[in-house]
Structures are given as C-alpha cells and as structure tokens.
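Got a structure for you, written out below as structure tokens; questions coming shortly.
Read from first to last, the chains carry the letters A, B, C and D; within each, the first residue is number 1.
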Amino acid sequence: MTTAAPAASRATATKRPADIAFQAVSTVAGVLILIALGGVAIFLVAQAVPAIIGPIPEAEGASFWDWVWPLTFGTLWSAFLAMIMAVPLAVAIALFITHFAPRRLAQLLGYVIDLLAAIPSVIYGLWGIAVLAPFFQPAFLWLGENLGWLPLFTPPASGTGRTILTASVVLAVMVLPIITALCREIFLQTPRLNEEAALALGATRWEMITMAVLPHGRSGIIASSILGLGRALGETMAVAMVLASSGVVSFVVIGSQNPSTIAANIALRFPEAHGITVNMLIGSGLVLFAITLLVNGLSRWIIAKTTVDGGR
Amino acid sequence: MSKRIEINDLDIYYGDFKAVEGVSVDIEPRAVTAFIGPSGCGKSTVLRSLNRMHEVISGAWVDGEVLLDGANLYGPGVDPVNVRRQIGMVFQRPNPFPTMTIRENVLAGVMLNNRRMSKSDQDDLVERSLRGANLWNEVKDRLGVPGSGLSGGQQQRLCIARAIAVSPDVLLMDEPCSALDPISTLAIEDLIEELKTEYTIVIVTHNMQQASRVSDKTAFFNIAGTGKPGKLIEFDETAKIFSNPSVQATEDYVSGRFG
Amino acid sequence: MTATIAPTRTAQNPLTAGQLPRWAPWALLGVAVLIGAAVAGLIAGASGTAFSLVTVALLGFVLYLVAVTVVSQLIEGGRKATDRLVTGLVVGAFLLALVPLISLVVTVAINGAARFDLEFFTYTMRNVVGEGGGVLHAIVGTVLVTIWAAIISVPVGIFTAIYLVEYGKGSLSKAITFFVDVMTGIPSIVAGLFAYALFALFAGEGVRSGFGGAVALSLLMIPTVVRSTEEMLKLVPNDLREASLALGVPKWLTIAKVVLPTALAGIVTGVTLAIARVIGETAPLLIIAGFTTNMNYNVFDGRMMTLPVFAFNQYVSPGVQEQAYFDRAWSAALVLILIVMILNIGARVIAHFFAPKAGR
Amino acid sequence: MKFTKLGRAAVVAAAGALLLSSCAANEPAATEPAGGDSAAPEASTLSGDLAGAGASSMGAAQEAWIAGFQTANPDVNITYDPAGSGAGREQFIAGGVGFAGSDAYLDDEELAGEFAACAPDSLPVDLPIYISPIAVIFNVEGVDSLNMDAATIAKIFSGQITNWNDPAIAEQNPEATLPDAAITAVHRSDDSGTTENFTEYLAATAESDWTEGVFETWPAAYGGEGAQGTSGVVDAVSNGTNTIGYADASRAGDLGTVALQVGEEYVPFTAEAAAAAVDASPRVEGRHEGDLAVDLDRTTTEAGVYPLVLISYAIACTDYEDDATAELVKAYLGYIASEEGQQAGAENAGNAPISDELREEILAVVDTIQ
C-alpha cells in the first residue's frame, strides 16, 4: 500500500497558529457537547441505579419495572393517540399549503404554522384545562352511553373531561405545527419536473400528488412524524396540567382513570419527592430518555435508508 | 512579475486512488498554456495542484514536484496559503462573495488577510485591478453595490480583478468561460490576451477553438478508462497540436473524432 | 336562473364540457350547511339542548363531501370526483386544525386582557397579597436567564457546527453529530434535574439561581443552534470557500470572514428561533431557577422568577382570591406568547432583510 | 452596512433591556445605601435575606406573611419556595434554607442526623403555625351540604359506593334530593400532605372500610380521578358534574361541603372547630424540649371539633450557626405566630388561626432562638 508516501507528502502542509487555534476552539466546542451529554448520562444512571436494583416502597409496586411500566404505557399510548390524529392532519395541511392554497396565502400560512410551533407548553396546558376539557366532556358522556361496547369507550365517562384523549388532543395540537412545517419543506422540494410531467399526462391535482409529491416525500413524512413523536413523548407541562392521571394501564380513553406519562409524572411528583422516590423518578427519566433515543435513532435510520432513492 | 512553472513527474492521488500520473510540463512565463482533454482526464486536478488548491478536498495529496522559478511548492515547510497568494485562480463559475460590494470583492484578497491599506491606496488598487480586468468602465459608478448583482460575464471579470488585485505571478483559470454566453466569452478571451503580457497564465478549457485562439502552448491529457489515472499525452506549441500533432490520440481528439 | 345558463355555456365551449361550473361546489357547500343547520335546529328543539355550531359544521361538511363527490361522479367522472373529494378533505383538515389554534390564541388574548395593564408591567409581586401586583420581576428574570442561556449556547453551538462542517471528519465528527441528535431528545425536565445536580455539587443542596436555569436551557438550546447553523453553513457554496482560499486567505479567516458572514442571516434566524423555543420552558426552571416574589437582577445568586414559572405557579397555587391569581396567570401567558411571536417575527425580518442579496 | 444594522438592532435591544430593568414601582430602591429607607415610621433595623422552602399547603399563607413582614421591615427579603414538604425538609437539613415548612414533623431518623444550618449539638424544633381544615367538597346540582360519617366517605373514595342515591348516603341525609348518577371521586394525583391527612383520618376513623392505609400518593389501584394540586381538584370538582373530592377548606368556595360525624353530631368545617381539633390533640411523646409536634386525635368525639385538619409546621433551629439568620428567623416566626400574622394568613389562605394557648407556647419557643 501507499501508506508511507502520503504521510510524507501531507506533512508538508504546515499550519498557521491562528488556524490551529481556530480549529482547536471548534473541536473543543464539539467535545464540550459530548462532555455535557456524558455528564447528563452519568448523572441519570448514577441516580437511577439505586431505584432500579434496590427495593422500592411497597405502595409503589413490586419492583422498579412494575412501577415504571404503567407510566411507559401511558407515555406511548398518549403519544400514539396524538400521532394518529396529528399525522394525517399535518400531511393534509402541508398539502393544502403547498398545493391547494393560493401562493400568497400559502406563505402567510407557513409563517403562522412556524409561530404556533413555538407556543410554550404551559400555555397549551392552560388552554387544555380551561377550554378543551369542558368542551369534550359532554362528548365523552355521549360516547360512553352510545359506544360503550367499544373497549376504547368503556363507561363510566370522566366527569371532568381531563382524560388521556383530551391530553392526546393537546399533544396533537402541539406537534401538528412541527410535523406540518417539516412536511411543507419536503413537499416544496418535490422536483418541479416530476409534477409537471404528471400534470402534462392529464392527471388531476390529486393524481399528480399521488404520482409525484407523496412518493417523493414518503421518507420525509415518516421522519418528520417521528420527530413529532419524539416531542410528544417528552412533553411535560401540558400533559401534567391537563391529564387526570392515576397510573393504571388502560386503553379506555374517556374514563376517569388514565395512565400517566413519564414526563408528567416527574413534573408532578419531583417537587415533593425525597429519598428513594427521587431515584425512581430519575430512573423513569432514564427510561424516557432511552425511548426518545430509540425513536430518534429510528428516524435517522429511515432518513439514511431512504434518501438514496428519495433524491432531491 | 511572472514566473516559470516546472512540473516534474507529478502523481496526484485522492486517498488511495491515483487520479493523475507522471505529468511533466514546463510552463513559460508571459504566455498562455492551455490544458485540454476529455472530461475526467485530470486536467483540472493538475491545474488545482499548481496552487495547492486540490488539498482542500480531504484525502488529496501529491507525489512529485512543482517548481515556481525553481522553488518547490511541495517542499517541506511550505505554507499553501503563501503559495496561493502568488498563484491566483479563477474558477469555472463566477463566484463573487455575496456579502460584499464590488469594491470589497476586489479588495477581498487584501482585506481578508487583515492587511492595512490607506483609503487612497485601496482606491488605486480597485481601479487598477478593475481596469486590468476590463470592467472599470462598466462598474465605476456602482462600486458600492453587491457583486452578485452583475451579469455572469461581468462577475467573471470581477473574479479576475479580484485575483489580480493580490498581484500574483501566475493566474490559473479553470474553464473560466464555460458558464458564460459567447459575447462574455469573447470579452474574457480578449482579457486573457492582454493579461499574458504581465502574467503566466494556465487555462483549462474543454473548448478547443478557445484553446487554439488564446493559448501559445497546449497540453493534451487523456485517460485510458474509468478508474485509471489520467496522463499527459502531448505538450507542444498550440499551432502544432492543432495542425500536426505527433500522437494519434491527440489528432483524434482535436479533429473531433474522439468520444 | 343560473342553473339554466350553465348548460348553455357548457354547450358553447367543448373544452368546458362535462365539467362542473366554478360556483357549483360553493352552492353545494351552502346547501349542505343549511341542511346541517336545520338538522341541528331540530336536534336542539327535540332534546332541549343549545343549538350547536359544532353539529352544523360537522353535518355540513360531511353532506358537502358526499354531495360534491356524487355530483362530480355523475357529471365529471370518477377521477375528477376523487380529486374533488380529496380537495374537500384537505381543506377540511386545514380548517379543522385552525379551530384549536384560533381557540388557543383567542382564549389567551381574552383571559389575558384582564390584567394587561400598566401595573402588570411595572410591579413585582413583592408584598402583594390577593389582587394587584405585576410580572416585572418575571420578565426581567426571563430576559436574564435567556440571555445567559444564549451566551452559553450560541458560541458552543456555532463553533460545534463550524467543526462539523469545516473540519469534522472521522469518528469524532460522527459521534458529535449523533449525540447532538440524542441531545434534541433530552426531555426538558431531565435537563433541569441535571442542572440542579450539577450546581448542588458546588453550592450544596437547595441551590437556586438564574444561572442554573440558563445552564439547563442551554442544554436544550445547543442542539437547535448546532442543527440550524450546520444547515446554514452547508448552504454556503463551496465556490466561495475555494475563491477565498485561492486568494491566499488562511482557512480560519475564510471561515470567519467569508463563510460566516454569508450564512449570518440564517444563523441569526436559527438562534432567534432557538431562543423562542426555550423561552417558554417551564419544567427545568421550576426545579433550578426557583421561585420568588421579589426582583432579582443577579443571575448568580438567589432565586429568579421567570414568566412560564410565574404563569404555572399562579395557576396552580392561588390564594383565596383565586380570580386575581388566574388573571395574572393568563396575562403572563399572553405576555409570553407576545414575546415568542415578536422573536419569531424578528427572525423572519432578519432572514428577509439581512440575507445576502441573491444575484440573478 | 449589514453589521452596523445588526449592531443598531443590538443597541435597541440593550436599551430596551435597560428600560425593563429599571426599578419596579413597588420594590425598595436597590442602590440606596443601607438604611436609606429611614423615612418609614419606627424604622426597622432588620435587614438581610432569608429563604424558606417546603409545604405548598402553606404557600398562600406564606405569601401573606412575607408581604406583612416585609412591609414592616422594608430591608428584609424573604422567599418561600413551595417546593413540597419533603424537599423543604431536605433543603433545611442541607442548610439550603433558613427554615422549612412541612406537613409532617421531623422524624427520629432525621433528628438523629446533622443539620447544616444549626449550631452543633442543637436540635431544630417543629412549630405548628398553620392549621387548615380539609373540606370534603362535592358538586351535585341542588345540594349544598351533606352529612356523612367516615365510613361513607371511605366507601366513596375506595369505590364501594358508586352512586349518589346509595342508601348509605340517603339515610344520613333525609332532606337532600340525590340524583341517580355515578360518583366521580377526585383525588390528588401528586404527592400531597392533604392526601396524607385525609387518608390518615379515614384509616383512623373507618378502619373496617378504609383498609388501604395512609399514603401521600394515591395508588393506582384505588380508582377515582386524579387531579394535579389543590386547584386541580377544585377545578375538577367544580367543572365536572356529580363529583366529590377533598381539598383545603379555604378553596371550597361555593361548592357543597360535607359535615363530618363526630360523636353523635355532624360538624361542618369552621376555623374554630379546626383549631379546636389541634388543642384537643396530645403532643407527640418523647420529643425534645421546645418541639411542639402534635399527634392529631382523629377519633375524637368531643363536641364542636372538626378532626379532618392539616397541620403544617415551621421547622427552625433553636441555635443558628449564623446570628443574622437567627435574628431574621426569630422575628419572622414571631410575626407568623402573632395574632396579626395569623389573621393575615387567614385572609389570604383561609387557614384557621391558631388558638391563644398554642400561640403562647409557640412564642415562648421562638424567643429561645439564637
């Protein structure tokens, strides 16, 4: 091989001190991030270990995993419900903005959507309690009376409307702007040539979308949905404020007893927690961290796998 | 102001891949040397190795020597930054700095290096360089507007003005007209004709008429096949290359029977 | 009247034959809504409940979809009918999504208006019991904490992005890219826990400071800054870097004077959006920045109130005169929304006016 | 051009920030030399910062106390972080705060340890300065008050009684018209001293019907609807229909409340009845000198006593390492226990003012703080 020769030739490119300093600063900044993250990880693990291996108070459950399972379930279930509502809507809105709305309006709508993505979650929480829950409560009663045979709507319905369905709607509203904004970018990048080719073949607008826009954006839709999912999984304050939680594992979405989520549970209980409870809560934070990590990894993997044929 | 370049047995690699093999050329001062050849034969790579710009691509390195008036560009301890200050370059697509005005673009080489210069010296330099690039009369009233507002041909001349503002000894041009319309191309070719009285000029072009019009000497590069290194096939007076080349491949290429 | 004109027009132009006139979908929509209103009125009359606009909208929408699909199927054929159905669905989805968003903004605006007065912006909560008081201390706290978060995360984020785009190769760069992604997934409450643990190490238990909050927020802000800066640096054409290098400009000056200025508008936009994102964070500040009724200008010492925590706290633990507390909570929410919106619009303005003017 | 434009924007922003940071209308001037505020009558010589943390139950009362105390002593800054009893005790033990508010007194294990803020070999004391009745609140159309014994309440909250027209309720309330509707029982979903006191009451008075024991966090298995914080419960009860819950009496507002059966009578909550419950209860045995921890007697049958109360303690050192802190704590706790302080708290938080006898005892202990 040519290993010796290149070393000699490359060595001749001497570096100036300023160059070295600048590169060093940049590298240090990057390494700092690794250190910070390492710090977070070490802290989480160290704090979580006593709860994970040791016994936990009897009232909380038989073991850490017994205790954390309903929370994990609630986290996944609420995020899942939110995604079911948010993804089709977000794709439809993105399509509306990119392909249905007049150009001027579309740009304005784009800004509005971006604005909404930044509304703090406390405000979503306030709104969920003050507006959404009372609005949904009669509907839940009706669902319980008329569709009670469905496992999802087993009565009795909640008297307050602060159910996991309400929380999921809040979550859906929160992630909607994020997914929409990403999908919009992706749809805008559809090669103009493909769209025009479809239209020139006499396709209707919808057929053009199914022929050119959606296939092009498929991986992007999945990736942005997963990013939205990540946000929904980790959302804290809005869920903590809206959801009437009791730590059960139940698929009923209109009842008084709803599974809590990991993040909301931490926010609610950390202030009054002490002793092993702190370790348990941090352990559950670690579980949440692992889930979001998995989800983000999945999204990266999908993007990496599909960009080759997705093209630009 | 202009210097001679001697390329001795130059091999250029990208990582383990040998892109160009065994090039040896003597480039005369105050003359235009054209590199021609089919796409992918390594002519641009050779050009970029003349001011160590190829190193910008990670993993690229060379074996051999390039002498600028006898001094090896690849000698130990040579700073590529200093090399580039003496050997200027004009790129395929005009690339004025979008954040800078016309005036700032011309002064970029000076200002970016934090060199101080009085206002009047700057004005002189701007006028001299823009005149040298045949652009002064077109832009003298709007030196404060962004350089990206000019037409393609003007932008390319602005880039040439920018390159000569740092008073290099050699000007490398990498297909400088390929993104331009015929009229702008003509303007650049005229400019090259004027510039060669002061600078050593090396130009890569895929346009053989252009090579025959502007150059004094021509080097023909070719490649045996994909994955093989590019090689210098023939180097001679331009008139000879285009009328009576000594290698069959050159004749095939210049007469259009190739590829 | 119009119904008789339409067929004659279609007869005139063969290109418009077999096509619904432009007004047809609107007419169908009108009819559908009317029917919906009638049905809703009947229901309201029969059950004695209030007339429900929700019922009108739902019924009207479903009826319209059915009608337009059927009519289009009959006149224009199946392909066009599908197109019309989908158009209806897409527009409907958009309108549906607008409902909660408008409701949210209107609710906050109306409830927040109650205390949106001069006292609210010139008073703190010191010695305030029941009514009155203001959020000046929370606004100052939010501004200071956010500024410090930006001071920490902007340089780190930008230099990391520079490393990734301009220098990074090999495993370190891959690791950083990966872990920046991981970082975006840190739940905000975990960032707060971490900052608390970190400061408790040095300052002992019970430590509270605005700076701790800034550290927690910067943990959330850094990945956003890195991501957006990275994108912007990647957008800077390589031509410019080469042009600068070819002029004999060292690499660091090329980055500092050519690459960064070119990407500046995008970077500033990204940073502004990142600030807008973290300025509304509640959970970490609740844990580490704490809670006070007094003004505190010193981020390094003592508790510091911030707007989101203020809104949360006023809502969650009111005194006997609840309404005064709720009003303050909503007004704080309104102020927060306004700040976020101003930041966002500011980011747009920066992106619009400071972006390098594209040539042709 | 560009940079100067950006620069100008930065200057404007900085100017705005300066404007914001100008003094708040109701804050003392920060830059004035010490003692500058001597215009105030009977100028207080106290100055400095004091931080407290702990039970959120007394958060609103602390607000009133802080306001009252700071008005009298303008150079003092007191903060109270309603972070929760556990957090408050932990921070007090670690020396993070000068005093703690806690729904539970220090246990023996805690007392055996070190207290960072206190002088070596001195023990902190628990002072019952906040008494608050817990009301059982409900929202049933047309019903303002109900009589219930502890067993009925226990059955409702453990899910054994699920309908409002259950005979167990109807028997005790012959006059009320109760609907045939399901009961939504609302409980706190967060860790709470209110829950602890509520379940303690049920466990003590309705042993056979409340088998779940005493806990701070409502376990998942026991059913009912969870709500975050006192406001969450009150919100849930008042916004829902046919709901019942338990909350600080101060927040009961217009909701219907339950009168508890004590002995042969039904006692509605009142401030006096709640304070009486504390006076009727014995002290915790075996405590060190000065500690006033109360062992609430939930099963009392004394007339006019409302035993479903929450006591919150102020925990303070008797001997501080830092004399300045000691001075502040002494003055502040003295104010809280005073008639004026208790009245201020009652007005803002609706707690029951402590009785005069208890006040005497508390003030005697406060006097010893050094």
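Worth a mention:
Note that a residue touches a chain if its C-beta (ideal position, glycine included) is under 8 Å from a C-beta of that chain, and two chains touch if they have at least 3 such contacts.
Treat the numbers as computed from the prediction; the structure is a model and nothing was measured.
Across A-C and A-D, it is A-C that has more C-beta pairs touching.
The chain with its Cα centroid farthest from the Cα centroid of chain B is D.
Computed from the mean C-alpha positions, the centre of chain A lies at a distance of 14 Å from the centre of chain C. Centre-to-centre separation of chain C and chain D, using mean CA positions: 37 Å. Centroid to centroid, with C-alpha atoms defining each point, chain B and chain C lie 49 Å apart.
Residues of chain C found to touch two or more other chains are 250, 253, 261, 264, 315.
Residue positions of chain D with contacts to 2 or more other chains are 2, 56, 83, 90, 228, 232.
Multi-chain contact residues of chain A (touching two or more other chains): 16, 241, 271. Interface residues of chain B facing chain C in the complex, by the touch rule stated above, are 51, 53, 56, 58, 81-86, 88-89, 91, 93, 95, 97-99, 108-109, 111-114, 146, 148-150, 152, 155, 159, 162-163, 166. Those residues of chain D that touch chain C in the shared complex are 2, 5-6, 17, 20-21, 23-27, 30, 49, 51, 53, 56, 59-60, 63-64, 66-68, 70-71, 77, 79, 81-83, 90-91, 93-97, 116, 228-232, 250-251, 253, 344, 347-350.
Partner chain A is touched in their complex by these residues of chain D: 56, 83-87, 89-90, 182, 184, 186, 189-192, 213, 215-221, 223-228, 232, 235-236, 239-243. Contact residues on chain C toward chain D in their complex (touch as defined above): 119, 122-124, 126-130, 133-134, 136-137, 139-140, 143, 147, 204-208, 261, 264, 268, 290-295, 297, 302-303, 313, 315-322, 353-354. Touching chain C in their complex are the following residues of chain A: 16, 18-19, 21-23, 25-34, 36-37, 39-40, 43-44, 47, 88-89, 92-93, 95-97, 100, 111, 114-116, 118-127, 130-132, 169, 173, 176, 180, 204-207, 209, 230, 234, 236-237, 241, 263, 266-267, 270-271, 282, 285, 288-289, 292-293, 295-296, 300.
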